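Some notes on the structure that comes next.
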Amino acid sequence: MNWTNSLPLAVLMTSFLAAMIIFMLPESRHRLRSSINIAAACLKLVLIILLLQVVLRQDYPEVSLEVLPGLSLILRADALAMLFAGLSSVLWLFTTLYAIGYLENSPNRSRFFGYFSLCVASTMGISLAGNLFTFLIFYELLTLSTYPLVVHRGTEASLRAGRTYLIYTLGGGVVLLVGVAALYALGGDIPFGNTEQTAALVGTWPGWMALIFALLIAGLGVKAAIFPFHGWLPTAMVAPAPVSALLHAVAVVKAGAFGIVRVVYDIYGIELAWQQGLLWPLTLIASFTILYGSWRALQQVDIKKRLAFSTVSQVSYIILGISLFGPLGTIGGLVHLLHQGLMKVTLFFCAGNYAETLGIHKIHELDGVGKRMPLTSAAFTLGALGMIGLPPVAGFISKWYLGTGALEAGMDWVILVLISSSLLNAAYFLPVLQRIWFNPQQGDWPDEMITRWRDTTPLLLIPALVTATLSLLAGLFASSVLSPLSWAELITLREYLP
Amino acid sequence: MSLMQSPMPWLLVIPLAGATLTMLLPDRWRSAASALGILSQLVAALLLSYQVIQSGPQIYAMGNWQAPLGIALRADGLAMLFILMSALVSSLCALYAQSYLKAEKRANFWPLFWFLWASLNGIWLAADTFNLYVGLELLTLAAVGLVAFAADERSLEASIRYLYAALLGSMGYLLGVALLYGAHGTLALDSLAEHWHWGPTSQVAVTLIVGGLLLKTAVFPLHTWLPPAHGGALTPVSALLSALVIKASFYMLLRFWIELDIYRHLPSLSQLLGILGAGAIFWGGWMALRQQHLKWVVAYSTVAQIGYMLLMFPLLTAGQSDASQLAYQGGILMLLAHALAKAGMFLAAGNLMICTGKPDLQALAGMSRYRPLTIFAFGLAGVSLMGLPPSGGFSAKWLLLQSSLLSGQWWWVVVLVLGSLLSAAYIFRVFAYTYRETGEEGDRFARPALSMELTALTLSVASILLGFAAMLPLQLISLPGPLMEALP
Amino acid sequence: MNEMIDWLLLLGLGAVAITSLMSQSIFRAVVFFILLGLLLSLVWIRLDAPDIALAEAVIGAGITGILLLDTLGQLKKTGKLTTEPSPSRARLGLALLASLTLVGLLIWAVLHQPQPAIALHQQVADALPESGVDHPITAVLLNFRSYDTLLEIGVLVLAVLVGLTLQSKDAPPDSLPGLPNPLLHACLTLLIPAMLLTAAYLLWAGADRPGGAFQAGAMLAAAFILLHLSGTRLSPRRSEFLMKAGLVMGFGVFLAVAVSTLIGGRPFLTYPDGSAGMLILLIELALTLSIGLILLSLFTVAHTPAQLPGKRRQDEQ
Amino acid sequence: MSSDLIFTFGGIGLCGLGLFGFIYHRHLLRRLIAFNLFGNGTFLILVGFAQQGQGNSDPVPQALVLTGIVVAVAATALALVLIRRWFQLKQATELPEDSQS
């Protein structure tokens, strides 16, 4: 056995062990806990880079364990897995830093960081899963480990939000379970990438396989917050800002979207799915969700709520890209998985900064905040412009590919969807930017924190700046070898359209 | 060397001797003797498993009289799994009880505990229908005694209810055995299976046996005695009862069902058992959702979980061998996962009640901050009970799902799925209470001993690990033996 | 003629059973239950089962009856007996349905009895010479199926144990006064030795005739209970350890004999060649004494009122 | 009809009566008596039915009944201990109706 084969397991274990150690630590050991957290995040990043090297050589390390007769847990690092794993591990590092700053002096940090790490461990499991069964296991584990984070504050509102979250995600989980179990009953264990196996099944039971496709997508669609399963996402906003970042950018919605990618490309195969007519309903739903999310975002007065509906809309860009038959659409969808993550995490960091530093929660309270917190506001502006899709921020790249992908797939009407959604995005972000930069300050801030820093504390500020910069760089240097775009192209070339 | 002939009788001798000695010894020696007994039990169980794995099922003729004249003990893969399971759960519960009970209470706890263990081992190994009756009665009396241990109003009421239900159940069973003997002239399971005559007498006998055993297993709607008994007993007792005692009658049911070919002859009874199971899942889950008393939630959860185990019966159909195999594996795995998870959950619940000093859910506010380890144990056990991955409960549910899909009985899929959601509802309800912040500080809480927290955690973690190591028990129960031959 | 007797017995059995079940007065119910036990003894004799007849008379009717009567007395003495709530119509319906179904099923089952494939009594007869005793039932109980018997003694010990558990240590001494009746004492001095002698005989006879440890033990218990009622205390509080040792002695000796053969390299519960009879007698002797004490304890344990438990401990809810 | 068959039917009757009383009554002592009736009926069936089938006196079921009687007396005694305790605490001879379930 090659040493590289143990890398996927090592990636998973770094955050899992970190979680276990943190659970064992007494509440008061803040410094030690933070050190372990950061060390684990850095270690994971190193391991991911090592793994990237291996995957670039067209070598896909794999470990498996037979857990039930004929059924194995498989961890396998392929190019697509690395896309998601890379994104999560980068964002984990910054979210951890941010969370350490954000939760300073608040209770229950041991519990928080423990589940936080567990949550990232499950995300790693999701990205490295080598078959649907493994995916399902980590997908459910993600639900379990995020629940304590959502209800972290322990207030009535957060417990209610936790209940809503559970109803949606567990409901989606069992639908997914039934889909996975039915697929297994028909064809046995199908590792990702073995689309020939599925093709044979579709030949025999076309009706069943279409039903299973619907079950799988519906189950995954809950976490991806596709309409009508998006209801939990705005409700879960009561959680602390780092958790929102985790839900929206790093882990949860991404897990759903990533799962859909896996099902479409690695279980059914895009060509087969296209031929069977399974994709166009997905395109329709995604388009509708994009418009619906934007429309709802426009009506929100709470910053985080507006961002939440923006996520509903943005994640469906990914789904849209996946559902378009053709390499350009695929690239657009995959690259947006990364870009949306970077931009959304920036926005949430900034929203958290406003709330922590000045007590601002509503949009109308933002008047003149640009002068008080220029750096945070600059990062926020970058993220918002990227969401609208203005060049040179990363969002532009995604939309460009999605548009050309739609043309390639012969679905010209999708262009209209993209344009109108961009207009809506502009409509709900530009007024915010106007308030930040151009409106004068109205009276005192709701709840100002006294710090010796001009903007806000470094631990809150730096992660936001870094992710904002990254999303700018991803757009500016889209054509370089290291950019998310190149990686998405690599995946597309290597795996889907040989 | 002669000692090593077969470890089988030692699995009975040690607990019986333990019961005798712990009655007579002074307290200091009592605990030491128990510890020694537990260790030697573990050794004997492992030795016997080794033998069974190496050289197949073992038959042991008591007093050297071959069955059917004498009584034989029989150790096959299934029996071994149950022996190992009860060894693990009982020893951890015993460890817990050592800290939980005060010295003067322990005096009477140990003999009862040892009798309980002896009867369990007796039942797992028994191959004689009347011997099973005596074992069942020994088990009942020990269990009732343990329930009545607290000697207050609630536990007395519970124990009387329990005793009456159990007595009726065993009498029904004995009546069935009487008919079987009259029709076949033998009491031994093996020779019954060999000379099995399927006619009215056998049908009535089987009906009575199944009915009696269902009552003793607390199958819905005959479950009403269970929640007070399991919810009202002392914590280590609740854990033993829910994890092991109800499994005894279930185990007997399964043996009869498969070895005497009942599944082949009474398919409608199979479906009936499945329907009762579904009823148990929904009713038990619904009642668990409505309880205000922590341990009653856990007790009603047992009612619901028994329902899952019953789902294996309609899936053991004569026609489909694959589906039947899956159902058998899934059912047994479900039982094992439940034993571990429920014991862990009861012990964790007991710890929480020690912390708050109150039995109700309301008092749990803020507990997830104060006792994260215990909450974690409770949560892990809950994961397995809900059947969420990765856990033994999930693997079991997966197998049952596969079996229902394969045999085309899709309605059980619906039951399994809805049941999972219901159990998630009542478990997360408890969990939500522990997250509530009331603003009061944590120092009003008492603190359970570390060993008590660790035993709960060990059991819960084991129920999770079972999800990864399910192949071991599945291989064990698939070893050749009379049961496997009779399985479709 | 014989069949006549059988039918008459059956009729009596039914009448007595119904009376004991449905009688208005609970006291009468118990008395008729004891009467039923005596009738059953006759039935057992008709069924060619004198051992059971003996056991039924002494244990089924005797000990159970005494226990029931004594409990009833206790209930009457300690409290105002609340009037019994009359059972609901639903209960009546359920009970009728259940019992009629059961009877129907059983009759159907009995009428379709197949010819048994195995004749176990033949095997018993064949193996009897090796068993060490001449009486087949004793051979079955203490040799062929001795494992059942071992567990059964366990059940008895367990019942007493639970009784002892429920008895709180600080209970007041037995409030029942000794009976100062001189006539009774005179009777007892005659009766007790006679009973002890009968017990010894029953024990000895068990080897080749009806009788054995259970019947003898029950007789012993009857003697003990009489002594107890007359004021002589053999109660656990006198010497707890000795009492407990006596209770488990039978079980312990049985187990020890079984284990000793196991250590000797022979299967569990085997008797070494030639010494089966001796060992069985030894076990029976210990069992008789223990069973006597156990039955007595069941009586006294049930009899001694335990005190209301003190303040309940919070951690043991 | 042989004695064996007659008393087998007698046993069936006792079982029916016992089950009836066990369900019908609420008084704990009455239910205990009913249980003992049920038990005695079972014992009669055990011996009578077996001997009817064998056409011969059979020591095995007789031995089983001896065991059964002892087990029954143990169970009865245990029940009585519990009943007395219950009576002391609650001054009641029956259990409360199920309210929880």
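Note that the chains take the letters A, B, C and D in the order they are written out, and that residue 1 is the start of every chain.
Everything below uses one rule, namely that a residue touches a chain if its C-beta (ideal position, glycine included) is under 8 Å from a C-beta of that chain, and two chains touch if they have at least 3 such contacts.
Predicted, not measured: the structure shown is a model, and the values here were computed from it.
Centrality by C-alpha centroid: the chain sitting nearest the overall protein C-alpha mean is B. The centroid of the Cα atoms in chain C and the matching centroid in chain D are 13 Å apart.
The mean-CA centres of chain B and chain D are about 27 angstrom from one another, to the nearest whole unit. With centres set at the average Cα position, the gap from chain A to chain D is 67 Å.
Inter-chain centre distance (chain A to chain C, centres taken as mean C-alpha positions): 72 Å.
In chain B, 130, 134, 137, 141, 144-145, 148, 151-152, 175, 179, 182-183, 185 are the positions where the chain touches two or more neighbouring chains simultaneously. Shown for chain C are the residues that touch two or more other chains, namely 106, 110, 113-114, 116, 119-120, 124, 145, 148, 152, 155, 158-159, 162, 166, 306. Multi-chain contact residues of chain D (touching two or more other chains) are listed as 15, 22, 45, 49-50, 52-54, 60, 64, 67, 71, 74-75, 78, 82-83, 85, 89.
Contact between chains, per the stated criterion, is found for A-B, B-C, B-D, C-D.
In the complex of the two chains, the chain B residues touching chain A come out as 329, 366, 368-369, 372-373, 376, 379, 383, 388-390, 394-395, 398-399, 401-402, 405-406, 413, 417, 420-421, 424, 428, 431-432, 435-437, 467-471, 474.
Residue ranges on chain D touching chain C, taken from their complex, read 1, 3-10, 12-17, 19-27, 29-30, 32-34, 36-37, 40, 43-45, 47-54, 56-60, 62-67, 69-78, 80-85, 87-89, 91-94.
Remark: chain C residues 2-3, 6-7, 9-10, 13-14, 17-18, 20-22, 26, 29-30, 33, 36-37, 40, 43-44, 46-49, 51-52, 55-56, 59-60, 63-64, 67-68, 71-72, 74-75, 78-82, 84-85, 87, 91-92, 94-96, 98-100, 102-103, 106-107, 110, 113-116, 119-121, 124, 136-137, 139-141, 145, 148-149, 152, 155-156, 158-160, 162-163, 166, 214, 295, 298, 301-302, 305-306, 308 touch chain D in the complex.
Contacts from chain D toward chain B in the complex involve residues 15, 22, 28, 31, 35, 38-39, 42, 45-46, 49-50, 52-54, 60-61, 64, 67-68, 71, 74-75, 78-79, 82-83, 85-86, 89-90, 95-96, 98, 100-101.
Residues 2-3, 5, 9, 12-13, 16-17, 19-20, 23-24, 60-65, 68-71, 100, 102, 104-105, 108, 111-112, 115, 118-119, 122, 130-131, 134-135, 137-138, 141-142, 144-145, 148-152, 175, 179, 182-186, 191, 195, 197, 199-201, 203-205, 207-208, 234, 353-354, 357, 359, 446 of chain B are the ones touching chain C in the complex.
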